[in-house]
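As written, the chains take the letters A, B and C, and residue 1 is the first residue of each chain.
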Amino acid sequence: MNAVITLTTDFGLADSYVATMKGVILGINPDVTLVDISHTVSPQDIHDAAFILSTACDYFPPRTIHLVVTDPGVGTNRRAVILRTPVYDFVAPDNGVLSFVLEPFIDRMDKNGRAGLRSVTGMKACTIEEPRYWRTPVSPTFHGRDIFAPVAAHLSLGVPPDAFGKPVDSLQTFTLPHPSSLPDGVISAEILHVDGFGNLVVGIKASDLPEDTTKLTIEVGGVIIRGLTSTYGTSEGLLALIGSSDYLEIALKNGNAAAVLGLQVGDNVIIRC
Amino acid sequence: MNAVITLTTDFGLADSYVATMKGVILGINPDVTLVDISHTVSPQDIHDAAFILSTACDYFPPRTIHLVVTDPGVGTNRRAVILRTPVYDFVAPDNGVLSFVLEPFIDRMDKNGRAGLRSVTGMKACTIEEPRYWRTPVSPTFHGRDIFAPVAAHLSLGVPPDAFGKPVDSLQTFTLPHPSSLPDGVISAEILHVDGFGNLVVGIKASDLPEDTTKLTIEVGGVIIRGLTSTYGTSEGLLALIGSSDYLEIALKNGNAAAVLGLQVGDNVIIRC
Amino acid sequence: MNAVITLTTDFGLADSYVATMKGVILGINPDVTLVDISHTVSPQDIHDAAFILSTACDYFPPRTIHLVVTDPGVGTNRRAVILRTPVYDFVAPDNGVLSFVLEPFIDRMDKNGRAGLRSVTGMKACTIEEPRYWRTPVSPTFHGRDIFAPVAAHLSLGVPPDAFGKPVDSLQTFTLPHPSSLPDGVISAEILHVDGFGNLVVGIKASDLPEDTTKLTIEVGGVIIRGLTSTYGTSEGLLALIGSSDYLEIALKNGNAAAVLGLQVGDNVIIRC
């Protein structure tokens, strides 16, 4: 089986945690192709992992298995799940780490943060409860190695999701930071992610902005940016553009916007249309 | 040959050193699967490399070749060796970097730090001396690329270990930091490793502790921890548990124990049973 | 097709940029072997990317495709190119990032920094202009994902370079920092690269030095080093040797020469023969 499994974790690059997961996977399916998405998710930061996963997963071949382990509740009673969408499979703790990925597939969230899954052809979600697909003994502190990795490997061999546990009709999610409309055509949004270049990824997409963006002004960290540019290289100084994941992005030509503006994830951006 | 070769080095991720080793390997065996264990071993830190290797190697499929290059003596008269155990092959400088891995296979250490290999079925060690399996000319500063990588690649094609050099019956090792028993049921152990989460891995295994761990107290950095918990998520503040590599571990829920306690590798931990 | 594609970028390891490129490649050629050269090139540092690429590319199997994306001009009118040499293919922006690689293949540089390609059997260069091999829509900020990655993947499937655009006979290059001869057998060279160990790679090769190196003195950061040693382990303190990429290198046994000397890329080194 020429399957692809991606890995997204907060395990860092210094320890052997990621390697042990790969070793376990290769022991079950030696023909799998393994691709790292990121292992430097901030420790225990479910929001960061959820965002990074969502910016990468759609670029992989159909039926890629996306394995995500940012799991501060490992060994407690949080559930582990498989989510099969029409295009991909996800293997993850049921702790909100699939929130961005789930957005097209959920109806509404209840007061406990659980969101009902829409009935979509080709989609299902199952718990991971069947020990026959696990590595034993299971360490209570490293389900990535002993549960998630072997489950992803067996999934890549064609084992169907419901062999691993019971169907579920809702998954844990957190509220995505959507833009909010204020009076007079003002939109408030928040910074979702700061990338390695210091570019600020803002939680508003091209489709949420007016078609004519020439009159836009963007207020961020006390600075006003007028209009959008199309690339990092066509404008001097601070600039705003629609980034490669379709979000509004604040950047500094050949520089680090986050450092210059002193901003971070969760900070506010005001857009005037 | 669907072989797996893992790589553990102190070469870091910024330079091309690791990539050149992979290029050399793929030129000899294009079908090999390459897996990074870690390349951010502290520069020249043989103990750190030996520990990280030992926490990863056993999770790979049988006959995986583990290539280890932390080699401050490169180009000097330190030997290079292949170690074949009943399950894995190791290719490394003979400088102690296999010390943790060798533990089940050695008898006793002489005063020069050389340990005799036990006679175990399926096990042998050989020097690496046969230039026909090397890349030439050999750089005296980069045996990883010119000797270790091509040797591992040829080994993955089925060349037997003794084709690369002469059998040896002892290997260089360092003394593993074993726990020591003090009077009144007190055990002293030392910190072996600080992982990327700041968890302190202590040189004492579950099997060295009493079965009833409810009465254990652990003194570390001036703080007393009472009893063991089973996961990072079930207890608040500083906690102790048996980690995923079977060692005692000191952690801080959603935090960095090493930073809070100001501790590092080699520091002492006192366990009262 | 058992092709190898290497990746060299300044995208860092925290974000999903590199992973999306790999996902796109695997969607076009699932059988390709992907190898990271480095993703921690200093942001927008074309010289650093060019150097790192040049130290790695020659160790890969013939016909490896080297994909390089350090691209501060992404989306502007800088060209994108494929360079086919007798041994390798390169896919990159035409911004100088191939300067070190091009050295054996160019004649002279014009005043705009464009260098004419020599007529060498098996060599050609082409622009990348044919959208049928791209991912659409093309993000103006991420040609790595939408143009370079799919072009490299199609190239790995055997599509000839001239299918992607038009032949070109010159490429953008920067002046390589060659050593300069001063009176009295004095040579001035500059630091090309500081590696992860803190070793200083100097822009002068073994072939530029006299055969008898015992009388060499090297002045660097106010310190005089006499003669060359052959390895990092045979001399105490600061030492000079010919490194594994054939450049002069200044190192500190078991230490970080760059930190101790306070030197960086571009700083001067004086060699007296």
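Here is the rule we go by: a contact is a pair of C-beta atoms (placed from the backbone, for glycine too) under 8 Å apart; a residue touches a chain by one contact, two chains touch by 3 or more.
This structure is a prediction, so every number in the text was calculated from the model and none was measured.
Taken as a contact graph, the chains are fully connected, with every chain touching every other chain. Annotation, subunit A versus subunit C: rotation angle of 120 degrees from the Cα superposition, expressed as a multiple of 5. Different-residue interface: subunit B and subunit C share under half of the residue numbers found at their contact.
Remark: subunit B and subunit C have CA centroids separated by 33 Å (rounded to whole angstrom).
Listed for subunit A are residues 13, each touching two or more other chains. Of all residues in subunit C, those touching subunit B in their complex are 2, 4, 6, 13, 33, 35-40, 52-53, 55-56, 59-61, 64, 195-197, 230-234, 241, 243-244, 249, 254, 256.
Residues of subunit B that touch subunit C in their complex: 11-17, 19-20, 22-24, 26-27, 30-31, 34, 43-44, 72-76, 139-142, 145-146.
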